[in-house]
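In the two assemblies presented below, chain A is common to both, partnered first by chain B and then by chain C.
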Partner chain A sequence: MIPFDFEYYRPQSITNAADIFQTLEESGKNPVFYAGGTEIISMARMSSITTGAVIDVKEIPELKAMEFNGDDLVIGAGVTLTQIHEANLFPLLAQACARVADHTIQNKITLGGNLCGTIIYREAVLPLLLTNAYLVIASVKNARRVPINEVFSKRMQLNRGELLVQVHIPRNYVSCPYVHVKRTKEDKIHYPLLTVCALLTDNQVRAAFSGLVNFPFRSVEMEEALNDINLTLEQRVEQALNKLPAAVPDNLEGSAGYRTFILKHLLTSIVNELETGNVTNS
Partner chain B sequence: MLQILNESLIELHINGEIRKALARPSDTLLFFLRERLGLTGAKPGCENGDCGACTVLVDGWPVKSCLMLAAEAIGHEVTTIEGLDKVPIQQAFVDKFAFQCGYCTPGFIMNCQGLINIHPDASDEVIHEWLQSNICRCTSYQEIMEAIRSVLPSQ
Partner chain C sequence: MEFQSIGNDVIRKDAWEKVTGRALYNADISSPGLLHGVLVTSTCAHGNIKSIHLQGARMMAGVKAILTGDSYPDLTGSVLEDRPPLAKGKVRYYGEPVALVIARSEFEACAAAARIKIEYEKLPTVNSPREAIKSESPLVHDQLGSYKKVIPEVYPVQNTNICHQIKIRKGDINKGWNEAEVIVEGSFSLPSSDHIAMEPHNAKAEILPDGQIIVDTSSQSPFAVRKLISQHFKVDLGKVVVRVPLVGGGYGGKASTNLEYLAVMASKAVGGQPVLIKNSREQDIASAPGKLALEATVKLGARKDGKLVAGEYTFLVGTGAYADTGPRMTSAMAMSCTGPYRLENVWCDAYCIYTNHTFATSFRGFGHSSMTFAVERMMDKLAAALHMNPLELRRINAIQSGDTTPTQVRLTPSILGYLPGCIEKIQKLINWEEGNRIDMGNNRIKAKGIACFWKTSSSPTDAFAAAIVSFNSDGSANLQVGAVEIGPSTRTTLAQILAERLRMDIDRIYVQMEVDTRTSPHDWKTVASMSTFLVGRAVLTAANDAIGQLINLGAMALKCSPEDLDFQHERVYLKENPEFYVEYKDIVHGFKYPNGNTVGRQIIGRGSYIMPHLTAMDQETGKGQPGPFLTPGVQAVEVELNTADYTYRIIKAATVLDAGKVINPKSAKGLVMGAMGMGLGLGSREAFLWSADQELQNTSLRTYKVIRIGEQPEYLVDWVETPNVNGPYGSRGLAEHGIIGIHAALVNALSLAAGVELDQVPVTPELIWKKLREAQNDSL
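Let's look at the complex of A and B:
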């Protein structure tokens, strides 16, 4: 049971959602956009967040879109992880979504909620980082379409009142050879000890990670090392490991040494699989 | 725009009927079903999305009702275990001894029923993937697998 009261709004358009956010903000209600609600309810129940109003955005038509449009695959921020998995329009993203939380919760978690949430893993962002996706973001002031790398740095860098509307994924990436691997401490259903998404484009391997450090990331420096054909595969992986963007944490989920050990072996097999065309996803 | 500002009478489609009761906008669907409507089939376990004891169907899909607001269900079809009338999976749970204390059973049955409706062709891999959303402290997992296998046309 949630131990405090808030108001519930279900706007039918982006303008409506942005306007009501501003009105509620000005009246001191500290509103939040509400999508699947799984994180908001879990945290509200523990009083880890409080709010005077939730704005349920997932039924706004633009946030429910999922289709190819011109050169892009367009996915609305309110589309659930199950819908992405079942439609399978971008297999790497579909697979990443199918390993977040458990199947029943995937029926509720939205793509936008996974990207904008506070839980550090945000596994659905990995395929988007690899494909140079664009994000459509709206507020009362304007709507903008920006490359993901400009707004996602460790987490979504949204201004207050900004609504993530859609993700646009360049069509040419959706059929690239890919590998998705999620390793957990114990059960299959768990936060990641380490999740790696990788794809091959123009004979170059791209890779993004969750669970390795305290934020999901893609590193161009690591990719340069992995793609340096003047070195042996073992040397390439060693070089990449030297270019991690932050220290690997030591915690109850796994020691830094264990995480690095797994990473080393996964990178070796992933690069080998992608380069030889012998891809087996797990 | 639908808006609910404080405790008010809300109308939900539940088990083929229109049910009206008072709800706070911050009431979860689980709380609303049990405390406002007396539909106690959906069970509170972890209330954190982990155990699946509270699973109901919303528009045919399994949802953990502890992670949904009652207000969110307005305009959608909710089915609880009380809404299943001797469907084959219920008898299969009896025939295969797929429970001991029975606390997790309504949640498991709702998840199974969702799977039967949506993917009657489910493979063992898909069954596992769906059922991993529910926990049985009495460890009836093997019997639950046998129960669902016995009613899926594909098996």
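Let's look at the complex of A and C:
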């Protein structure tokens, strides 16, 4: 039971959505954009969030797009994880989406919701970080297309009232060799102890991580270490481990020690798989 | 007479309702004027309640009343009265109900509940059974000595956290140790966890103008609820009516009376209007009672040939903040402490201990699954010390008729069943001969573990049940019983027993699924895997009663003496010529002669059963007869461990148990499979996780993980059938038993695969990694 009343809006265009947001904001309704709703509903049930209005953006055409357009794969923020997985236009993203929560929830969670939500893992962002994707972001003032690195740092850094519309993934990456590995405490369906997405482009390994520290990230420094061909694989992994962007936490999913053990094991096998072209994908 | 119903896969009577989603559970049923109660629960594990601010909530729209601990004077409990329905002065666990808001709608009640502010003065917490028994430990209950005992066989120790202790003293333990050539000892711990029944706890109450209290609840114990409500609210027993529709899973968690008190208090506060209280999943996990925790030490002595000669067991049972059925389960664990093995010299001390955790109530297996984990891990350690095959060690020690239990009951084949037969069958079922540890290459180890179990009812010595059989004018029959349909198809099994005895088609037997204490025959509780036995015996008696009446009236109709008659397929017929018959439909409401004269009367069969010869356990020695029969069995699990990262898959899980007689093979297999699945969850993932302040961390299904359908192994189930001469058609109880040894078998397999002793659950890949690292550090 959600213990508060709220208004519900379903705009049909981006402009309409932005306008509604502004009006509601000005009238003190503290509105939120609403797509799949899994997080808003579950947090509202527990009184972890309250809002006077939700703006359901699922029906906006731009948010429902999923197609190749010129040099980009365009995916709307309102496309569900199931739709991305089933279309399989970008296998690494498809696989990452297929391991967020369970199938029933994947039918609800949208790409935009996974990126913009409060749950720290945001595993769908990892393939986007690896492919230098662009994000299209709209507000009442304008719409802008920006490299993901400018907007995503630990989490989406959106201004109030900004709406994530689309993700543009440069087409040349979607067929790169890749590895996706998700390890949990125990269950197949759970928050990640550690999720690694990696791909090989121009003979260089790129890797992004969720669950390892308290935010998802891609680290150029770690990639440099992993790609240093003057070292043995073991040394490269050791070097990469020294360049983590934050301390590995102890939490309900596992201890820092065990996470680091798994990370070391996974990095070794992933780099080896990508470099030898013997990709198994688990 | 060939079996018609018994031994067949009869489709359950509630199947169509359930598979189409039409079945109604208690909270689905609304009524005009229904008000809603919502609980505010403690965010502090141990603390004095400094203040409760209700003003903000009282102002909210729709609020009818708000109750706190001061609203009701009594302490409650089924064994020891130690628990206020709403915390009074002090909270003792995170999630304990502190206030109850009653409002016009659930929405308004939730909104008001969110406005209630409670301030606590935190007290030091009691974090585990082992810590709780230290002399310097804080006390969870400082008034333990003043609590009223509900049953005489509970022995609290004043000024401690021990709310019950029981001993087993059998044989001469010192003689046992002297005879022992190999002695092994180990310590084990199992956390508390939740039942996670699909239907969360809920209860509704209404007080009629004439003072009758109507309680609609999701309960395994409607007659116990009636008695307790009558007693605590000082209303004549007959004025309390408890109704229970289908229940969406109980697993023991719905055997105790909790929300029912609150619902009645709530209705009283609003002039008797009906009030429904239903837990959210999060409240159900944190607030409603869960499964006990156990810290155990087991020491076994054996001769070199593997024969057990001494066993010493210490069980520290964590019952959480309140006793509930914890003391009964503690006694049950003691009475079965050896597992199903022949042991002449037994010493067991079992303590039921308060901590500042969610309180425990009965849970599938009634303590046996926790206790068996310790015993069966120990059997594997003994096998290793003796360099014996673990299956062989169990085979040579398997208890048999003529031996005695820890409570000194002399066993017969009927009471005990035949464990060696189970062991022989599982050996083939799990292909034990291929080896119990196989290196598959590529960092993969396949391993198998086994564990034996046994269990009896541990019921009160006067547990009973009854049944009523009536007939419709088309000759079909109706069965009324007081056992609740909590999921295991009990009422279909009972209908099969009736069909068999009446020699009728099972489809011509109608069973009412709901219980109503005004009209359903009085029943002890739907617990302890006892319904098929207890109620089944009552059904047989009722059937026999009806048959006598049918034959007598048939004799009048056919103008012969009753001895000349037999019956089947809804006919009473002449033995010498079955073509001379009268149909049930023509006699069940009296027989009318062609001239209109009518004789006889409506036929109603009545039957009841009380278990004979049960005795309570002696306080000093444990001597006593705790149940009418045992169900023994053996379980095995096959795992595949990845030695690079310690992830593992459960490949197969198997159970062979002595069912006495399997009444409905598919239902029985489903029950045993479900129990195995539940036990594998306990072995691999389920546990309450506490913060440093003992706040429960995993109160939702996002973080409290249960085994999912895709993670289930292949299940293998087989039976041995040694008749229980007292059981209906020879049957034994089997509803809980699949859970008892399965996590021990799992962890035996994982310990063997990983090459490290794993003495706790749940076993996660991280635990294996950690224990291996500790073992390596120790050896350096």
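The definition used in the following text is that the second predicted complex is superposed on the first by the 282 of 282 C-alpha atoms of A that agree within 3 Å, B and C clash if a C-alpha of one lies under 4 Å from a C-alpha of the other, contacts with A are read in each partner's own complex, and residues count from 1 in each chain.
We take it that contacts are C-beta pairs under 8 Å (C-beta built on N, C-alpha and C of every residue); 3 or more make two chains touch, one makes a residue touch a chain.
Predicted, not measured: the structure shown is a model, and the values here were computed from it.
Contacts of A:R10 after superposition: chain B is touched, whereas chain C is not reached. In the superposed model, A:I20 makes contact with chain B only, not with chain C.
Contact with neither chain B nor chain C is seen for A:T232 once the two complexes are overlaid on the shared chain. In the superposition on chain A, contact of A:I189 is made with both chain B and chain C. In the overlay built on the shared chain, the residue A:T104 is in contact with chain B alone; chain C does not reach it. When the shared chain is aligned, chain C comes close enough to touch A:F261, but chain B does not.
By the touch criterion defined above, A:R45 lies against chain B and chain C together after alignment on the C-alpha atoms of chain A. Of the two partner chains, neither chain B nor chain C is touched by A:N149. When the two structures are aligned on the shared chain, A:N69 is found in touch with neither chain B nor chain C.
Once the two structures are overlaid, the count of chain A residues touched is higher for B than for its counterpart among chain B and chain C. Residues 1-2, 4, 42, 45, 102, 187-189 of chain A lie at the contact with chain B in one complex and at the contact with chain C in the other. Residues 106-107, 110-111, 113-114, 280, 282, 644-645, 647, 684-685, 689, 697-698, 700, 702-703, 705, 707-708, 710-711, 762, 764-766, 769-770 of chain C touch chain A in their complex. Across the interface of their complex, chain C is touched by residues 1-4, 42, 45-47, 102, 183, 185-191, 252, 254-255, 258, 261-262, 265 of chain A.
Touching chain B in their complex are the following residues of chain A: 1-2, 4-12, 16, 20, 36-38, 41-42, 44-45, 54, 56, 82, 98, 101-105, 107-108, 187-189. Note for the complex: chain B touches chain A at residues 1-6, 24-28, 31, 47-49, 52, 55, 61-64, 66-69, 71-72, 74, 111, 129-130, 132-134.
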